[in-house]
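Single-structure report; data block below.
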Amino acid sequence: MVIIMNSDAKSEEIKAVVERVHSVGLKTHIVEGEKKTIIGVIGDKSIMARLTIDAMSGVDKSVEVSSSYKLVSREFHPMDSIVDVAGVKIGGGNLIVMAGPCAVESREQLFEAADIVKAGGAQFLRGGAYKPRTSPYAFQGLETEGLKYLAEARERTGLKIVTEVTEVQAIETVAKYADMLQIGARNMQNFGLLREVGRSNKPVLLKRGLAATINEWLHAAEYILSEGNQNVVLCERGIRTYEEYTRNTLDLSAVGIINHLSHLPIIVDPSHGTGKWRQVKPMAMAAVAAGADGLMIEVHPNPEKALSDGTQSLCPENYYKTMNSVFKLAEFIKTENL
Amino acid sequence: MVIIMNSDAKSEEIKAVVERVHSVGLKTHIVEGEKKTIIGVIGDKSIMARLTIDAMSGVDKSVEVSSSYKLVSREFHPMDSIVDVAGVKIGGGNLIVMAGPCAVESREQLFEAADIVKAGGAQFLRGGAYKPRTSPYAFQGLETEGLKYLAEARERTGLKIVTEVTEVQAIETVAKYADMLQIGARNMQNFGLLREVGRSNKPVLLKRGLAATINEWLHAAEYILSEGNQNVVLCERGIRTYEEYTRNTLDLSAVGIINHLSHLPIIVDPSHGTGKWRQVKPMAMAAVAAGADGLMIEVHPNPEKALSDGTQSLCPENYYKTMNSVFKLAEFIKTENL
Amino acid sequence: MVIIMNSDAKSEEIKAVVERVHSVGLKTHIVEGEKKTIIGVIGDKSIMARLTIDAMSGVDKSVEVSSSYKLVSREFHPMDSIVDVAGVKIGGGNLIVMAGPCAVESREQLFEAADIVKAGGAQFLRGGAYKPRTSPYAFQGLETEGLKYLAEARERTGLKIVTEVTEVQAIETVAKYADMLQIGARNMQNFGLLREVGRSNKPVLLKRGLAATINEWLHAAEYILSEGNQNVVLCERGIRTYEEYTRNTLDLSAVGIINHLSHLPIIVDPSHGTGKWRQVKPMAMAAVAAGADGLMIEVHPNPEKALSDGTQSLCPENYYKTMNSVFKLAEFIKTENL
Amino acid sequence: MVIIMNSDAKSEEIKAVVERVHSVGLKTHIVEGEKKTIIGVIGDKSIMARLTIDAMSGVDKSVEVSSSYKLVSREFHPMDSIVDVAGVKIGGGNLIVMAGPCAVESREQLFEAADIVKAGGAQFLRGGAYKPRTSPYAFQGLETEGLKYLAEARERTGLKIVTEVTEVQAIETVAKYADMLQIGARNMQNFGLLREVGRSNKPVLLKRGLAATINEWLHAAEYILSEGNQNVVLCERGIRTYEEYTRNTLDLSAVGIINHLSHLPIIVDPSHGTGKWRQVKPMAMAAVAAGADGLMIEVHPNPEKALSDGTQSLCPENYYKTMNSVFKLAEFIKTENL
């Protein structure tokens, strides 16, 4: 249940409502909006039904939340969330781009990539230091060394750093170097990891699982928010289907659906979503037109020499063309209010 | 194999090449472009390899076509195809919209819908007279009566008519009333039906099968072209996946992939593709940004009273808003050459 | 709704019930069992609710059928159906095997195959004369010539003939030569074809569509039964999933589910279901243990020379081994009543 | 590459081969069979190609391993592996059953369940103490308390204990109480967890991921074996498809495929695989007939009161019937060598 207070509700009235809720054994989650305060109620629905909160002073109305996720629900938190990552705001109308190589391969490769990423206008540098790979014999990432290069690249370019964390034990280290923690598709239901990043104070980028439903994805985000970390951005990266031409099937309908069901920002990764560099630009354009808050794009100085995911990485020239188009498109859609 | 003639090749030279190909038992398919003539060769690859066509007078070069579909391949026909439907051109840069109710339910309903469709700026009226339904006890369409209403609606509005044909026996009748024959998703591999519309002189709209790969879809189109009908437009309408929130998963990557692999125009149906009216506008915008040549959209005067697919039909107000946005978007992308 | 009459209900009582149902505009479907007569009622549920049939003389009780398919439902027809194909009974406890090559390639190949099939103990010879192929340039079958060879092979071996019909226009010809008409996976929702075989007097083998749900499959069968042909056998042949190792994913759970929801017999095709000859025997064994009424298996005298589906065809030796095991297994399960 | 030594190879010869391999920077994995020693070689293929091992004394031959997984491959280890779990052998011909409730709910519930499980003839008690749940608000398991009840149930019944471990931090605790560690479907690609159980000395039950390919699954097992723990049993538990009737689609073809590609034992979980108690018996029978080494089955004293997965749990009566049938079936197949 969500309790919406009047715009002129007094703090004593809010406090009284919260106490009433607590008195019957339910929990609260308070969202202080610019105009109104909203109180989320978590717990047994049959107890909520007997609360008769609407009669209390200062209460505008109470609304039943129909889904089993609460904190991520738009019913619970009607305003769009804006996630601030070291000063860069995700959500709320500006197009954010996270670009870079799949994996940090060397200091030189990363710096070269970072300069290209910066020149194209992206705000974030991406790059994996810990790589979850299907085979134990494949390149597993440079780990701490990779994290240090990422931090150096931030110094060099001013780009914010987003990088994947795959284990609870690595959170502290990754959080030391990165501005935003990425939870990869394979770990979307690694609930221990979700809980632990929920207890950190770093913003989290939560990728959709390989074959996760939108409902499961929102519940995964709920794990993070329910531990106290409200700074979650979702990332659609394609789902597993029978189609063989593409690596995954990029489910762009997730953008509009998440915007309808949740207040969290959502970005799109057309590189993993298609697995083909040729399809990155059309799907990046489509994502922006569908209302995505940002893009995650793989760029490599020399895609044919990449240690992983070369076939889906843009070369510098195509990256610049794509950036030019997507930023113009985003600006037009915003200005014209389409 | 595709033989590309010099831009100044003489007709005798072209004729000589064709005769040479025929002399070894292979077939030809001739595409006369504005600048060059291209000759497609169909048959045994080992025989082709011995042809030594490149040495003949007037020949620029010959190119191996790597796919097992030929006539629909961009290797075979490098220029974009433009399909002319009763004067309206599909492909080549203008956004085409086909809109209307899922099914023709009555003369009044159809006329009301047609007026709305026209007012929104679409060029085509869609509406099923023959409805393939999962259950034999569900509404199966008004059949010939429905076709007559569609023809009347054309008189009334000037809109072109696209409607589904489900059986070989009905092609002649449907072709009498409609401007374009639609092959529905369930019939994408009804090869007898494909062959037969391939022998008609009406343009064909070929929807992607419920769980068809892009490769199978292009081969289905090949069935039509190989019978002589080159006027085929493809329509992405969503594929079957595990996701339960949407009716289908709209695979927008198909737009860029088809544009890469084939010269045929492609349009997108976000109504069937999502099954949710709220998701129609964002996915229509995305389809345009991805490079689609057109849209197919369900509109109903009173969606809540529709005999089929009410939950995915736009009401008039949302239809007008969507049209306004998609046409502005298409114009911007074209003007700016994004 | 299903009306179950008392075991000693008189024919006048049955007649009176039927007339009562007809008098309010509903239709009936009568199943005369050994002990009881059951009357199925089709039409508007709100009218049924007002019928008060239970008070009529000779009526045991009436039961609501919850699914939207009726005639195929076990609620409607509680006893197992046994389908008689030219004297061979499918359903009711004996294991039926349909074996043979994917396609009829020549008189010699078919006769050689038929002799092997017979020697292994199968009761049916399968073989395609009309082949629905993804590409228009692939081998499309010998058509009428193939049908004649099949009929000759029947003379030679006594095996019953099951073969695919792909078009309404071909039903009459195929029915002249075959004992059982097969509707292939690609035509499971070719509703015109379903209706037309529903009007023929030949038993029908209805394969599950490439990506059909069990619910859609039962509705497809309902199209056939609703036209009067009750002799339908279902065939599970694998569904389309993301798994790449197998051609399809054989959904053996369909056997138990169909046995629960419907009275129709069900057989399993492990050849198309896996696409790998090595997996045919384990999945044939599994199908029998799951309760399937029969198997459809591809056998080829020389699998490596097959014009289609060679990789999934058993060679004679493996076919004999498989038959030996499945018949022993079926006998054991029946005797022990497992 | 795999090097197969002669049956009478001397230990010095084996040692010489190993040293030669190590001298060029490659690693070895030695399998000492009853008759022969086999040496697996891991590392750069181009270096292997130059080794000319076949000329060395005592070497029978060397074989290229074509897959990118090695230690789990049957090419690498041709004999069937038998995994010993506290004296119970999995693989090698006996049917093993692991049964019990989805979750440990209370001491009483578990003891009641354990007595039923034992009475039915199963060798293992299953039951989750740590439950990975879609929603953070769902029952998450009794954790250490649940583990203690499991250990007590072992004392009471003699059943071996298999239970899920979801986090690296919990491995030590779970290993203290359990005989076998289960890695659940959601953690199949939690590579840190795989590595860590690979370093423990407990046998591991590795469930197939929700939408994992067989190739990915075998690579996940390779992570465990490559850390030194060879005692891995695979468990097919259904994959995610579009079908809505069942919770998952149980891919029984995995049994025959794993038996072909790998030497590891494989068991089947028809409870999660179908999500419907009615389908558990037919699919358990099918799994045994397909060649599975065991079954994992959910049993609950009162399925309708279960805190999770009640609809797929067998009641005691149906459990006993199922056990009776599957053990008879397994015995028959073994005796008759089908």
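Letters A, B, C and D mark the chains in the order given here, with residues in each chain numbered from 1 onward.
Note that contacts are C-beta pairs under 8 Å (C-beta built on N, C-alpha and C of every residue); 3 or more make two chains touch, one makes a residue touch a chain.
The chain lineup, named per UniProt: A, B, C, D = 3-deoxy-7-phosphoheptulonate synthase.
It should be emphasised that the depicted structure is a prediction, and the values quoted were computed from it without experimental measurement.
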item: Remotest chain, subunit D as reference, centres from CA atoms; value: B
item: Chain centre separation in whole Å, for subunit C relative to subunit B (CA means); value: 35
item: Chain centre separation in whole Å, for subunit D relative to subunit B (CA means); value: 49
item: Touching two or more other chains - residues of subunit B; value: 211, 215, 240-242, 244
item: Pairwise touch network: line, ring, star, complete, or other; value: complete
item: Subunit B residues touching subunit C - in the complex, by the definition given at the top; value: 42, 68-70, 132-137, 166-169, 186-187, 189-192, 195, 210-211, 215-216, 219, 222-223, 226, 240
item: Touch list for subunit A against partner subunit B, complex; value: 211, 213-215, 239, 241-246, 249-253, 255-257, 259-260, 273-274, 276, 278-279, 281-283, 285-291, 325, 328-329, 332-333, 336, 338
item: Footprint of subunit A on subunit C - complex, ascending; value: 211, 240-242, 244
